[in-house]
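One chain, subunit A, appears in both complexes that follow, with subunit B as partner in the first and subunit C in the second.
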Partner chain A sequence: MAIYLYCILRATREPPLNLLGIDGTPVRGVDLDGLGAWVSEMASMTVVPSPERAKEHDRVVRAALEDETPLPARFGQVVASEDELRAILSERRSILESALDRVAGAVEMTVRMLVPAPRRAPLDTSVAGATGAASGRRYLERVAAVQREERNLLATAGILRDRVASAVGDLVRAQSFAGAVAGSSLATLSHLVPRERIEAYRRALQTLREQDPALTIMVSGPWAPYSFTEGIGT
Partner chain B sequence: MPDYIAPTRSHGLVDILDRVLDKGLVIAGDIKINLANVELLTIQVRLLVCSIDKAASIGMNWWQHDPRLTTRAADAGALGSGDVEKRLERIEQQLRQLTERSGAKRRPSTSTE
Partner chain C sequence: MTGAPLDPADDDALVLSDLLSHVLDKGVVITGDVIISIAGIDLISVSLSVLISALETLERRSVGVSGRLSHPLGDLSLLHPPRDA
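And then the complex of A and B:
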């Protein structure tokens, strides 16, 4: 029977009664020599992702987050047995413990920022443009212009990040930034926020938004600290 | 701006997928094949769901009108081509009338020759 992992906890704790996980399987707590984990038993080692299953995974992690901040596992972490899970986690025990300490008492809040992009002339792909006498030079100039705009977009995203970061200041314990990628005008900034500061955090962003009505930001959360588990895995 | 800060915004499907499929603790080096499969599939699911949501939010909904992608659009397409057929019929009728009229004019003149 395969074991599906939802999250790791500081200490063994039983999930709420009747909490169901992926495909309606019952979730149970496991004691991993002091650390806790919430798992459920699956018939297969392979879990094909779907929006429904992603929601089920998140529902279990969210239930864990209600009482104490867990380290959320990424979707699809399946091991062959409880013993295997124990072996894998005991190898990383000290890293897991320090990660749990880092997120303890905090949640993840996420700010999505719309990065204003300069108006861009479309690339000339017409036959005349492609075969005209000056087309090669013109084409390369356009490509250079697009690349310049992408660099500008990244720089603008960086400025926005710094503005948001200074607005929330000491309210956050850590931040994780995913800059605007090419072709997208959304940048994502995740913060690790102590639970007692969530309201102050929201207010700080509300104030920032009121100060600059042109700023388009969306706040979501609280989440389990999905963005703050890097460097723990394989 | 209260809408953007409202807690109700917090648990949208795209947000969930973005986290659950892309972030979080990865353990287990010895189930790499499964992980590789999951990774491939998750990326596909995420792109699909994210892109539909994002596209719809900025008003792109061409797939709702493309006859090859939706049966509704096929009906709409049929209606559209029906319009074209009607117009064509009307034009052909006018053309017939014109040729008949000019033919009627020409006939007497040829008879005089």
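And then the complex of A and C:
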């Protein structure tokens, strides 16, 4: 049977009785020579993603988060056997332990920020329909305009990030930022927040929104620290 | 928290979109990337589009809304001040 990984824990711990995972499979704890993991046995090595299965995955991770902050696995991590899982995680043991220390006692809060679209410069219509050198110039002007827009978007996202970071200050232990990419107006700022500071963190963002009429943000959480697992994977 | 609650009609889609962008795109990877699309539809892109759309809708509303939703999949707050703030 294949083994589906939900999360990695600081020590072996059994999941709550009757906790079900992907496709209703029972979840069990695995002892990885000191580290723990929650897994399910699957009939296949391939797990096709779906919203329902994503919810099942996160439900298991959330159950682990209730008592202690785990390192959540990305959806779809399946290995052929428990021995293979043990070998893979054993290779990364020191990295995993460091990551578990980093997230201990904390949760992830995620801030989605709408990045205002920069004002688009009007196109030069005098060259509309032109051919040859004129159409070439028009093309280059459009490329330059798009590049300017992307730079402005990134700069605006950076300003928003700094504003939010300043508002939450030392309430957070770490942050991870995904700036707005071309064609998108969404920037994401993830914070690692000690559990006892979650309400203070929410209040700080509420205060920020009351002070800054231009800000439109969405805050979600607490999550397991999905955004703070970089450097662990393959 | 001031303002009206979140629109219940949008709650599930919004929370699910946020969940998909975490679960499918982040977390420890031990076996390489997995397929993240169904029938060629990129679930992460779709989920981010829903989130952008929700925030843009909030931005366009003439009366500002803020609200907090306690959902089995996690709490979610939309924060935007009234236009006349």
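For this structure, a couple of remarks:
The rule is short, and it goes like this: the second predicted complex is superposed on the first by the 220 of 234 C-alpha atoms of A that agree within 3 Å, B and C clash if a C-alpha of one lies under 4 Å from a C-alpha of the other, contacts with A are read in each partner's own complex, and residues count from 1 in each chain.
Rule of thumb we're sticking to: contacts are C-beta pairs under 8 Å (C-beta built on N, C-alpha and C of every residue); 3 or more make two chains touch, one makes a residue touch a chain.
Model, not experiment: these values are computed from the prediction.
Superimposing the complexes on subunit A yields a three-chain arrangement in which subunit B and subunit C clash.
Of the two partner chains placed by the overlay, only subunit C lies in contact with A:185; subunit B stays clear of it.
By the touch criterion defined above, A:50 reaches both subunit B and subunit C.
In the superposition on chain A, contact of A:88 is made with both subunit B and subunit C. In the superposition on chain A, A:72 contacts both subunit B and subunit C.
When the two complexes are overlaid on their common chain A, residue A:102 makes contact with neither subunit B nor subunit C.
Contact with both subunit B and subunit C is seen for A:223 once the two complexes are overlaid on the shared chain. By the touch criterion defined above, A:142 reaches neither subunit B nor subunit C.
Once the two complexes are overlaid on the shared chain, A:28 sits clear of subunit B and of subunit C alike. Under the contact criterion defined above, the residues of subunit A that touch both subunit B in one complex and subunit C in the other are 5, 8, 47-51, 54-55, 57-58, 71-79, 85, 88-89, 92, 110, 188, 202, 205-206, 209-210, 213, 216-223, 226-227, 229, 232-234. Subunit A meets subunit B in the complex at residues 5, 7-8, 45-51, 54-55, 57-58, 61, 71-80, 84-85, 88-89, 92, 110, 188, 202, 205-206, 209-210, 213, 216-223, 226-227, 229, 232-234. On the side of subunit A, the complex with subunit C involves touching residues 5, 8, 47-51, 54-55, 57-58, 62, 71-79, 85, 88-89, 92, 110, 112, 114, 184-186, 188, 202, 205-206, 209-210, 212-213, 215-223, 226-227, 229, 232-234.
Residues 1-2, 4-5, 9-13, 15-31, 34-35, 37-38, 41-42, 45, 49 of subunit B are the ones touching subunit A in the complex.
Those residues of subunit C that touch subunit A in the shared complex are 1, 15-16, 18-32, 34-38, 43, 48, 51-52, 54-56, 58-59, 66, 73-81, 85.
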